[in-house]
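Chain naming follows the written order as A, B, C, D, E and F, and within any one chain the residues start at number 1.
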């Protein structure tokens, strides 16, 4: 039946380090202090779980606009933690499953984590896990209730667990009481002008002298702040037929921005 | 039982190129710059998917009034892409199926697409796939959640996918968060006066001298802008008993427009 | 079980020409220009389907007050079309069935129609098919979605289909997006004074001289406009104990109108 | 299981003439012109069904306050019709059944009626059949849709059917479109002062001279108008320990009215 | 399964006289005219059912604040009726059962009652039987509809039935149309000052001279009126460590009242 | 299946004294009069149940902000009661179970308690047991109705039961009528300045002289009042890399507070 149909594919979306890598396909491009601070804080929480006996459970939620880099940051922290058990809970491996079944799979990951001395569990895109839609609003209360309990449930004595959630709807999570069950909440912002400059430089796609104008075009045609993922996509599209080794011209850049927005 | 009853018919609505052709039964009549630009942009996106290794997944949604030609444009792009895997997901082949079953079929098409190196998947008439109705409003959250994930899910490494959605309810899609998961959104408009002129000329149904008056009649009796599909139907009805080889008179044209609206 | 209980009765409400006749048990009484025009337009659409290769599917909805004659008009057009396949989809043959089962039966009729070269399908009393009730409002979205697709779905190449819907709730249909899927919408009105006169004359139940007064009584006691079916019922009731061969007196007419309204 | 539990009891609430009698346990006490007129009109409709070939189906709904005598009037008309098939559809024989099962039983009664040349079907307490409750409001749309169709469905040629509905919520029925499917609607009122006098006289429970004062007490302590059933209950309660052969005193009457309201 | 789990316990909450006694564990303490009048009226209704042939069914609902003594009064009347069949329908014996199952059990009690010549059925805490909660509001319409019919359904000829309902939400019952199906409605009030005095005297827990002050403390710290059950609990709590044979001091009384409210 | 998946883990969250201890992993730190008074009152209620024959059932609800120490207080009272049967009903052992199943498990605990002469049952985090979420709002009415009855149901004669509930949503409980079924309601507050001082002293983590400044920092950066659990977490996080035997500096404390809030 339906759920079986996925089994062959699921492994491809498994949860080994390899899978974690797939959450940062464009790498982690250095882009300024706020992102560095975020990564440091996450690192500090990893250490806290590892070292303190009185805090065997720490939970943190990363919230920010669509495409700002939440999943990449969460995956990075998990990879760098070197914890023996790292797993991403994502709706991508549960498309079309019934809510009971999803809740069961989510719980199973936590049960597995409790068996490892040190674990990271990533709850990626919590609103999607909850099957949330603003019209209604509708969502799976079964899954919500499971999360409300699982994020607070202490692992058994001697076991330690770091939970990292990501969401682009922190107001929704608040109204569901989900924010409250996380110990810490961190904001992942869209890129501001100075950060966009850093990213464009790192991408090495414009002539250095063109970068200020390129950023001007971007912020005037589109928006003042741009999420990381969108920026990377637009650059990629604009340089489509730029021959290997050539830089992107401002003209082509403007053209692409106008076509797509 | 019920679902079986359709099996004999389904193949007739399959997804070979032949089926794609059925979405442009009246061909693609040249009608001006905006449509040309639309077709070019779609073509560019096809190339982007084919050529860039960093954008293995591109998704675009065509939105515009009922009958403006969205499905025909989507099908044309698919045909012209020459991708080995082209499939239309349409509610026409799933009439009366339960939402679980529809979600399963939709997911299956994506799973199949992931196996081809280059694929186009058309999500035709998304509001119908979602079983949307404004009273309530009601819709299938199961199918919505599947689409929200599937449109964003990266194909496995080395595989590339272009997703083309069509909808005449872009505000509804926005309130469901569906617009946000598409990379690009393009508007397919109704025909303006100058475009109507081009179409009537191409159809060769009026004496050339009558065309301005015919357009005047149309825009004064009906509306300032007319969707392509409606225009073609009205012409067809008006010339019903016009003998082979004769042109449509303005009188008959006016008569038909008054009768039907 | 439940659905079986009906099987013995169903044939009696089948869809042969005989059944179609049962929708005009009082015949079609000539009553003026608007009705003649309606019948002509319907006839024209029948011809359009038959003759034009570019319009293999035409759909028309007849909307108007309860009892105005919509079902009788639809049935007449079907009978007069002489198409080999004519079927009425009516809730009368599906009382108490589950919505899934109704959707399945409706779809089955369309599938059957696709096998005939020329078909008429009547969707009688669409709000009843949809199990609509204003409180809520509630209705079967399963059936609605099936209709939204079926009314637009092209028959296979070489096959032609005329769909005639009837409804007394055109505003409801509009809010459901159902009006939009029909190519043509025609209004079937209640009878105005001059039309009532024509009907009473045709019925030959009053002395000719009494007819103006009879109409006066009717419009002052009841309403300015009267649907055909109600008019026929009231006349029938009023002349209950009028002896064979006698005319209805104005006194008895007034009495009956006062008693029943 | 549950439904079986009733089978032994059901026959006791069957639908023979004996059962019909149970709807007028206090008989039909003559109480003035409006009730006489109601009974005449009902009798006239019985004759109409019997005699006219053009009106094989007549439906009438009796609406009025709780306890005003609607069920008794409906049952009387059925008994006096002498039609071979008379059946009451009442929620009393379907307590606790699922709505599907109720709809099925209701439909079954109509199917049986269609087999008799002349039938009366009483739909008693329609709001109860519909499982209506004002909070929400909630009701069974399955049963509602069945009634909407069954009340309009013509019996097969040569068969005739009178449908009598009763309800104390005519506004609810209106908002459900149920009023519209009945051909005739009749109001059964509470008793006014002069009618109360007639009933008290017929009951012979007060000294004749006391009756005006008894009515005064009633209308000043309780309400201006009183439904028949309540009046009969109050009299019965007041005369509880009045010795056989004695009349009820005004003092005891006043006492009882004050205690119970 | 679940329902079986209760079977061993159920008998403990059966419906013999012993069970009825458990509804007045603190006895019936005489507390003034209003309660005496209530008990008389209930006694009168018992006699009415027993003696009058024209009122084989009487239904009365006791409504009043939580803890005012409704269940105890109902149970007392049943015990004192000496009717061969007395049964309490209470949610305590149906915890966790599905609504269908509850409706079935309730109906079963009525069916059993119909077999006895004289019966009392107590519907205790009707809002709990209905699974009512103000948020929503939600309740079991299945159970509501069963009650609406059962409370009005006449027992078979020769059988007599008294129904006593209790509720602390008479406004909710009104909005559900439940009040209307009961013949009589009686209000069971909280205790007023003079009644509290009577109860405290009967309990013999204070020095007689202290009683006025004790009542003063109660009405100033808590509320002007106090339900019987709360009063008994508070006294019991206050005198917890008062040695056997000693009276409760005002000081301890004040302390207890402040701690608990 | 799903429910089985938990069985291996459940014992770890069983209900022996060991489990009860897990609710006060940070012990009970003395922090002032209000907490002492709370513990005394709870102790008094334990004695009341044990000693008084007239109050075999006492129910108390502890309500207060998230993390204020409600569960720890409830567990402490249970441990100190020395009652032979002590059980915690918590959603942690029922993650993902269907509501029917949860209601059944809850009822089972009560049934078991009735078999012991003296029992304590803790209903921990009632809003979680009810699967409550503010959006909607939604909750399990099945579980709510079970609680409404179970909290009021007397244990069988000779058996005694203390019920302690905890909740951080006392307004929600009020709107559900749950507050009303508890005999006593006690408020567990967040810590005020003087209480925070006491806790920091007991933790011995700051130099004594720094404590006033540490509290100042806390109340100015975060909030005026702080729940116990949050305070303990923040101290723990702040002293992460403080070497064994050293005190926490004010600088590090400020840093940590700013990072996490």
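What we mean here is this: a residue touches a chain if its C-beta (ideal position, glycine included) is under 8 Å from a C-beta of that chain, and two chains touch if they have at least 3 such contacts.
Just so it is clear, the structure is predicted and the values come from calculations on it, not from any experiment.
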Inset, instruction - In contact with chain A and with chain E at once: which chains are those? Just list them. - result: F
Legend entry - Where chain D and chain E overlap in contact partners, by chain label: none
Inset, instruction - Fit chain A onto chain B over the CA trace and report the rotation angle, somewhere between 0 and 180 degrees, nearest 5. - result: 60
Inset, instruction - Check the residue numbers that chain E and chain F use where they touch, and answer same if over half are used by both copies, otherwise different. - result: different
Legend entry - Computed distance of Cα centres, chain D from chain A, in Å: 67
Inset, instruction - Using mean C-alpha positions as chain centres, tell me how far chain C is from chain D in Å, no decimals. - result: 33
Inset, instruction - Would you mind pulling out the distance in Å between where the CA atoms of chain B average out and where those of chain F do? - result: 58
Inset, instruction - Note the residues in chain C that touch 2 or more other chains, in rising order. - result: none
Inset, instruction - Could you list the chains in ring order, beginning with chain A and heading to chain F next? - result: A, F, E, D, C, B
Inset, instruction - Give every residue of chain D touching chain C within the complex, in rising order. - result: 41, 44, 47-48, 51-52, 54-55, 100-101, 103-104, 106-108, 111, 114, 137, 139, 141-142, 144-146, 148-150, 153-154, 156, 175-177, 180, 183-184
Legend entry - chain B-facing residues of chain A, complex: 2, 5-6, 9, 12, 22, 25-26, 66, 91-92, 95-96, 98, 128, 131, 133-135, 138, 232-233, 236-237, 240-241, 259-260
